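Here chain A shows up in two complexes: once beside chain B, once beside chain C.
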Partner chain A sequence: MTTTIIKTTTRILAPLILVFGAYIILHGHLTPGGGFQGGAVFASGLALLIVACEDRVVKRRFEKVPLSPLESIGALGFLGMALLGLMGYTFFKNVIANSGFIFGGRTPIGINPGFLNTGGTLAYMNIFVGMKVLAGLTSIVLIFFLLLGGKKDEW
Partner chain B sequence: MMEQLPALMIAVPLFGAFTTPLLKKRYNAAAVWALIITAATLGLSLLLVQEVLNKGILVYVFGANKPTLVLPSGYKVPIRIIFEIDGIGAFMALSATLMSFVGALYSYSHVKLETGLEKYYALMLLLEVGILGMVLTGDLFNLFVFLEIAGIAGSALVGFRNYRGEASEAGIKYLIVSAVASLMVLFSIGLLYGEYGNLNIAYLSRQISFNTVDMIALGLLFVSFAMKCGSVPMHYWVPDAYTEVPAGINPTLLVATYASLYALFRVSFSLFGAITWSMARVGWIMSVLGVLTMFIGVTMALIQKDVKRLMSYHAISQTGYMLLGVGVGLTVLNDPAKLAAFGRDAMAGGIFHIINHIIYKSLLLMTAGALFYVTGTRNLNEMGGLARKMPYTTVAFIVGAAAISGLPPFNGFASKFLIYETSYQLNPVFTVFAMVTSVLTLASFVKVFASAFLGPPLEKYEGVKEVPKPMVVAMLILAALCILFGLFPNVVLDKLVYPAVDALLKLAQYQSWGGLA
Partner chain C sequence: MNFGELFWALQVLIGLGLLISAIAAVRFKNLVSAVIAMAVFSLILSLEFYVLQAPDVAIAEAGVGACLTTAMYLLAIKNTADEEVIG
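After this line comes the complex of A and B, so read on.
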């Protein structure tokens, strides 16, 4: 499966896909998409990299990557952001919006191009969900890839 | 603090579910952690029941400035996700947390030798979250989301022993059934949303005009929830799923099934409760389905040789009693005289039977799990003479078998008696079927008792001992509950069941979010 065509294409496309995924995650509160979609795009970039590499290279690279803890941390972070609202308000209350903290800038009223430094907990939640989704999807792809092992050239 | 209770009911087990996968270094760390989390959730749900009994409907608006701010700053319609907890929601939440706790306690020893336990406990807590969300929410789409969470966690748990081919098959079957059911639910939610532009159950029930589209939505919701609660003729997944799931998950999976039954009641009584078209027809359908379910379930149970499969068919049959009880209530919903005379008691019987059945069926499935734990087989023909070796399991089994057959003074008698008396007044044929089913249930459990526990001791089970203490304690807790609920049914009826029935009947209160709007 790993041919020169795939390798060359990957070399050009993978950085673009990864950056695009990160962009969708970070701009989740401004543009269409969000944590899940961005995480899926990011994971598809990683899947492309996995497919383009040899078995043992993939194994060596991913040996030290804590995919499963990363997934837990993503979920826990999401829950933690929701729990922040319990400080005087309710579960999921957006306490960071308009507070001056990072992502807590004041949202201008009226037509505007969209400002990254707004959104409050939404932006953080997108980042955490993106982290969880990219870790989860990458580990699924990785498991399938390693299960297939050396047999992949048969078809 | 107390006003944040509904959010904590979800947040605490969710926190447990997300932290458990991190605990894979030591084999029992995840088990102990799950036990702590389920115990904490059980405590929270007891507080919740107390709050609901004292104050009536609890409303929790997510993301608002105050938990009770349903309609902020002059809005006419609710826009946020709202949890609306009335008597029956609190009742189901208590059952779910109690059973998860007992299941976690039982699992501590039962699945000790399996691998991937951190995932097992994480999925178990996720299943609990799914059930709790389903029974506490007041939002249709939220109901769908939690239905999916429960369905996916449940099917992964059914296929947990993936080295057995049957387990994987049962897992896939459960996954497909859940997926079909929840897609149908999603479709009908889409119909309702397209028509009325809102997802809040209380708000929708005031708007519904019951045109053709609404009728389609009702039909789809009814069928898909009936499918998920294992009513005949959509019962085929129940025996596979209950048989293959590890016995420690059985209690939680049972509650997951009855969470769908709860959703069925919620749809019939609250969402479509205000329509002018009489719900009596739906009530008759529910009652007849109930009778068919109980009779077909028990006749199929009689011929089984696999002990857990036999009990799973009984689970189908017992679901019929709940459908019958509540169906009788629904039939006479628009007839105040009959409702007061027997409808309310019929519903009390049906709902009381939910918690009774959850308790004794979990107990029985746990004893079956204990038999499997010591003998390594579930085939009744290969067992025998285990009563001397496993005295506690035997006692637990006798209590469970007597309770499911409706013998006094166990809890099954209390709820079945209510159902017999009240369904007789609607149509005597129902009662005849219900009683025959009870007799057949007793017959098949006598068979299990004789072949597994009585008889001469077998040589190959010379060395078997009683199961480990956590399993014994879990079984004895449930056996004690069986006897307590049977001896003091009026306490349970007054504190838990009648508030739940009244919550279903008092539609106006549900529609106004307990008087908030």
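After this line comes the complex of A and C, so read on.
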């Protein structure tokens, strides 16, 4: 599990997988995929970092990562963005679209390739859902590794 | 070769690949090989979703089915024997 081949492959592949997951999350309102898919891809990159290394390296690497606060922030942020629509409108009303805020640019009419600075609340919700999904899936794999896998280091 | 024939041939190839990888996942005696065969099954299934114009489901299948499930199966096999015990 911790041979040199796997370590070198992980060192090359993991940044690419993480960048692709972040791309899917951030472009969730333009391209296929959204918060859940991007979070799953991001978590599979982190799972590669977990599976391909030794026990103490994983412990040192994931000691400072706040997975539980990230998951709580994801759920509460999603609910907060939904409650933001209650400012004179209804629940889940997209109040940021066309307002000039970040992700709130004016959406052009007609056929266009899609612009990142549009979408309003949708982009924020994709980011929060992606945060929650990646924290949850990564913590599942991390607990599998740390609680059950500390005994045997050799295959 | 028009588009219809290409689509038909691709469907047949994907079906055969799914069948072969599923049978391999059942028949392998080494459990790590069986898990890798299941990952290949999941990857071919995500290709099928992409051909059927559901790229959303294809990304979810490739991320969850081919990566995370494989990692969890490997971590579970690491704590037990990696050879199938019969009887």
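By definition in this document, the second predicted complex is superposed on the first by the 149 of 155 C-alpha atoms of A that agree within 3 Å, B and C clash if a C-alpha of one lies under 4 Å from a C-alpha of the other, contacts with A are read in each partner's own complex, and residues count from 1 in each chain.
Here, a residue touches a chain if its C-beta (ideal position, glycine included) is under 8 Å from a C-beta of that chain, and two chains touch if they have at least 3 such contacts.
Note that the structure is predicted; figures quoted are calculated from it, not measured.
In the superposition on chain A, contact is made by A:Val141 with chain C only, not with chain B. In the overlay built on the shared chain, the residue A:Asn126 is in contact with neither chain B nor chain C. Contacts of A:Thr118 after superposition on the shared chain: neither chain B nor chain C is touched. Shared-chain residue A:Leu86: touches chain B; no touch with chain C. Ranking chain B and chain C by residues of chain A touched puts C first.
With both structures placed on the common chain, the touch criterion links A:Thr10 to neither chain B nor chain C.
Residues 55-56, 59-60, 62-64, 67-68, 71-72, 74-76, 78-79, 82 of chain C are the ones that touch chain A when the two sit in their complex.
For chain A in complex with chain C, the residues that touch the partner chain are 1, 24, 32-34, 36-37, 40-41, 43-44, 47-48, 50-51, 137, 140-141, 144-145, 148-149, 151-152, 155.
Of all the residues in chain B, the ones that touch chain A in their complex are 4, 7, 10-11, 14-15, 18-19, 21-22, 60-67.
Contact residues on chain A toward chain B in their complex (touch as defined above): 68-69, 71-72, 75-76, 79, 82-83, 85-86, 89-94.
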